[in-house]
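Below are two complexes that have chain A in common, paired first with chain B and then with chain C.
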Partner chain A sequence: MVICLLAFFWIVATLFTGFGTLNVDLLTTSALKGGYFEMIVGTVYLFLGAAAIAGPIGVFAAIYLVEYAPGGKLTRIIDQAINNLAGVPSIIIGLFGYTLFSRQLGFGISLLSGWLTLALMILPIVIRGSEEAIRIVPTSFKQAALGLGATKWKAISLTTLIAAMPGIVTSVILGIARVAGETAAILFTSSVIITRGLPTSPFEPVMALSFNIYVKIVARGESPENVFGIALILFFIVVAFSLVAIILRIYYRRKQPWLS
Partner chain B sequence: MSYEDKIDIRQLNIWFGEKHVIRGVDLKIKANAVTAIMGPSGCGKSTLLRAFNRMNDVIKTSKTTGDVFIGEKNVYENGTNVYDLRRQVGMVFQKPNPLPKSIYENVAFGPKIHKMAKGKALDKVVEKSLRSAALWDEVKDRLNDSAFDLSGGQQQRLCIARALAVDPEVILMDEPCSALDPAATAKIEQLIRILSSDYTVVIVTHNMQQASRVSDYTVFLYLGKIIEQGKTKGIFENPQHELTEQYITGEFG
Partner chain C sequence: MKMSNKTLNKISSFFVSLKSQPMTVVLFLCASFSIVILFLMLFFVAREGAYAFTKFGPDLLFGMQWDLESNVFGGFPLLFGSLLVTFGALVIAIPIGVSTAIFVSEVLPFHLRDPIKSIIELLASIPSVLYGFIGLLIVVPLMADIFGLPSGQTALTASLVLSLMTIPTIVSVSGEIISAVPKDYKEAALGLGATKWETIKSVVLPIAKSGILASIMLGFGRAIGETIAVSMISGNQAHVASSFLDAVYTIPAFIATHMGEAAVGSLEYSALFGLGLILLIITFIVNTLADVVVKRGVQR
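On to the complex of A and B.
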């Protein structure tokens, strides 16, 4: 605990040395003129798109696993596969994304390839989080709906799912927090050092904060102090999403009397 | 007074996995009357009740044989629309189970999923149902409040109103007062008496006083078999079977 706290504050303190290099103009200035605009928006594009893909798929998968899966050997294998997917190193996910999406499917180095690759990383988080959210909803809701003559799907979608929504939203946000700073997964699939403005279609490459740090340090051999500003922005984005998730959870817990 | 039979059960057997819960039950239930099914815990009362609207189907390991006629129709016949059946045969559960919605939306839920009414007509259905459940005066000014803001007794009456909103013929109640205090229980019991003039009511209870207070007919169930059935007065004053007498006098339960 203490070590975690110390490490956290040390990171924050280090990053804040980059605060001096930041100003509001830089945030809105194009990268072509040395600003950060495209990489900030690009980062947001990347994780929002990935969440939009992984969210619905993850929620339906969770509904299936909790409410419909027969519970045999196949279900256990799927269950284990989800856990394993969560544990696959991001560089391998990135490599896989590059092979499948960029090359096999021909999406190239593009926003779309990045979305799909990052979605693979968000998916297990959304599935596990949504499953948990669905499981804690009292079965009495579903029973009430079934007793009124609702079909199983209606009972689930109109009662269980609605009651589980706060937990589901929280899980998607946690998924975003997980990939917002992701580098390896977008390294080969979607990011480039510089673009002319923002991508205008999903088939164009995109700039990203994390990728930019990586390139500046590794490829250009710049000293770390030069990227502390970018790192700080990225840090804020990720922390902000985690905080939103925590706040939402507390807020909704109060609004769900059946949980207490 | 003579009543017509509304429910006719013939040789009903129900298993959960290997467990034989209902063992060859034959039973006729009168229309527009209150029938109480009583018996000790675990005797199969709730399972028997849930056979009437096929709620046992929800449990994967359950297996049912025999016939349950509601009116003219055998509900265990192939091709029965269970969703329509459950509309016709409403259910009130042991613990009040309002949906996480407003008071209005709770009552409107059934009519909405069955596409029975909308707009002004739906408002009317909601009001009528809440009136029938003796809840309207208490909630008419706060229909948009969460159903969880109501007291336990009010929640249970809301659940009754919700069941009434889809225009059922039969209402099944599974120990509807077991989670309520005596005052709330009295209100529900009074309501059950009133409802029986329009609906066929079947109530499961392990509370004998309740059975004697609210029901016209009583069925005594023990280990999945019917030991005795008949007019409530007769069963309580002059039980024919030794087990019934022992149960009524409190020797077991």
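On to the complex of A and C.
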């Protein structure tokens, strides 16, 4: 455990040595002039769109699994498929996204392809998190609504789902934290090293922080010091999202009155 | 295939229940989405890789040479590189991960568990491109210094960084299983005069064995598919490495760096998808086995 802690603090300490390279002006300067603006906004575009696609599907899937699933073989297969989807290496998700979205469906190297590809990575996280959030809501809430004559769906959507909302939001944020720095999945589907300004439609390619770090180091052989600023920004974004998710979860676990 | 009346009835009543409630259909479709995606994934990756597979057969995996000019694509050095790096990472990550899991869920005072678990979770959420970046910044020069190498980009470097990325998986999965061991068992052992360590060794670990095994398998799946960090720090040399201090190329790293150059529909392009298919099947098998192991352990 000590090693984990040391590793974590070591990472943080090292990143902070690069603080000097971070210049606030660069955050709002266009990439054409050496700034980071399009990369930051591009990264945000990517994860927001992906979360908007994966969120509803994931929550519906979780509702089905907790409230509707008959619990037979089919449910087991669905469960297994979600675990397997979570375990697919991101590079394969990228290959798949490229063949299906970019080429087969003709979306090309675009924001849209990136959204759909990243959504596949968020989906299992949202399903698992929402399932847990829905499961801990007492069935008495739903039964009260059912007793008043609500249909099953009405009862669930108006009571269980609302009570589970904080947990669901947490799982989406956690999903965002996991894909905000994703590189392999957007490598062939949505990103380019430089664009002129921000994408104006979902069919245009987009810049991303993670992609820039990777390509500059691996393809162009630049020294890591050159991308220190980009790495720091990415680190802050990811850590901020995970921290928010973690704190929210601990807070609501303590707060939910029906748990105590 | 003979289907009994009972199964038929079950299936038809299932569809009737779907029909009577339209919302149920929507929910069901969302839930089965993951299955559809997995099948599509297998189909598309296999379709693109089929050309190379029919041309090379098993040589795609066991051939020694990857040569663009003579159009011969054999992935053995890459397979070897992947296995070497993953093996090294697990050798480091298993003892650290399992002991951390035991410590956090058995020894650590209750109020400290949430903060420590949160830090481990943060470690898991750091993207691989940042692990690669940090590895390049710290571990690579360190390796070059320690072993007096011209370049610190070696299999060992990749294994070290990869172990850091695998530990959170092992800790969280096996920690969950360890804390699920019934309290009665532990108290019975303690009541018989066993020390805390004896209780852990002879009561907790045997019960949690399957869960720990599953966590290691999941860690393996994560490590073998890791792309970005590894391709940044392992040196990217497509040869059969002679030692851990040699540069290596792994399958995912190779796909990531070569897809951009391969012409769509060419033999090389197809061979890259072929390698991807192999990787996909390996992770499928490992993840499914891990699930089975966990479920079997829980049932007992």
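Just a few scattered comments:
To be clear about the criterion, the second predicted complex is superposed on the first by the 255 of 260 C-alpha atoms of A that agree within 3 Å, B and C clash if a C-alpha of one lies under 4 Å from a C-alpha of the other, contacts with A are read in each partner's own complex, and residues count from 1 in each chain.
Here is the rule we go by: a residue touches a chain if its C-beta (ideal position, glycine included) is under 8 Å from a C-beta of that chain, and two chains touch if they have at least 3 such contacts.
Owing to the predicted nature of the structure, the values given are computational and were not obtained by experimental measurement.
With the C-alpha superposition on chain A as described, chain C and chain B fit side by side in the combined arrangement. When the two complexes are overlaid on their common chain A, residue A:Gln143 makes contact with chain B while staying clear of chain C. Of the two partner chains, chain C is the only one that A:Val88 touches; chain B does not reach it. Between chain B and chain C, more residues of chain A are touched by C.
Of the two partner chains, chain B is the only one that A:Ala163 touches; chain C does not reach it. With chain A used for the fit, chain A forms the apex of an angle whose arms reach the C-alpha centres of chain B and chain C; rounded to a multiple of 10, it measures 100°.
By the touch criterion defined above, A:Tyr251 lies against neither chain B nor chain C after alignment on the C-alpha atoms of chain A.
In the superposition on chain A, A:Phe236 makes contact with neither chain B nor chain C. By the touch criterion stated above, A:Thr183 is placed in contact with chain C alone, chain B being left untouched. Between chain B and chain C, the shortest distance over C-alpha atoms in the superposed arrangement works out to 12 Å. Applying the stated touch rule to the two superposed structures, the overlap between the chain B and chain C interfaces on chain A comprises residues 151.
Looking at the complex, you find that chain B touches chain A at residues 53, 55, 58, 82-87, 90-91, 93, 95, 97-100, 109-110, 113-114, 146, 148, 159, 162-163, 166. Chain contact summary for the complex, chain C toward chain A: residues 10, 14, 21, 23-24, 26-28, 30-35, 37-38, 40-41, 44-45, 47-48, 96, 99-100, 103-104, 108, 114, 116, 118-123, 125-130, 132-134, 136-138, 164, 167-168, 171, 218, 221-222, 224-228, 231-232, 252, 255-257, 259-260, 264, 272-273, 276, 279-280, 283-284, 286-288, 291. Those residues of chain A that touch chain B in the complex are listed here as 138, 140-141, 143-151, 154, 158-159, 162-163, 256-258. Note for the complex: chain A touches chain C at residues 1, 3-5, 7-8, 10-11, 14-15, 56-58, 60-61, 63-65, 68-70, 72, 74, 77-78, 80-85, 87-93, 95-96, 98-100, 103-104, 120, 123-124, 127, 151-153, 174, 177-178, 180-184, 187-188, 210, 213-214, 217-219, 224-225, 227, 231, 234-235, 238-239, 241-243, 246, 250.
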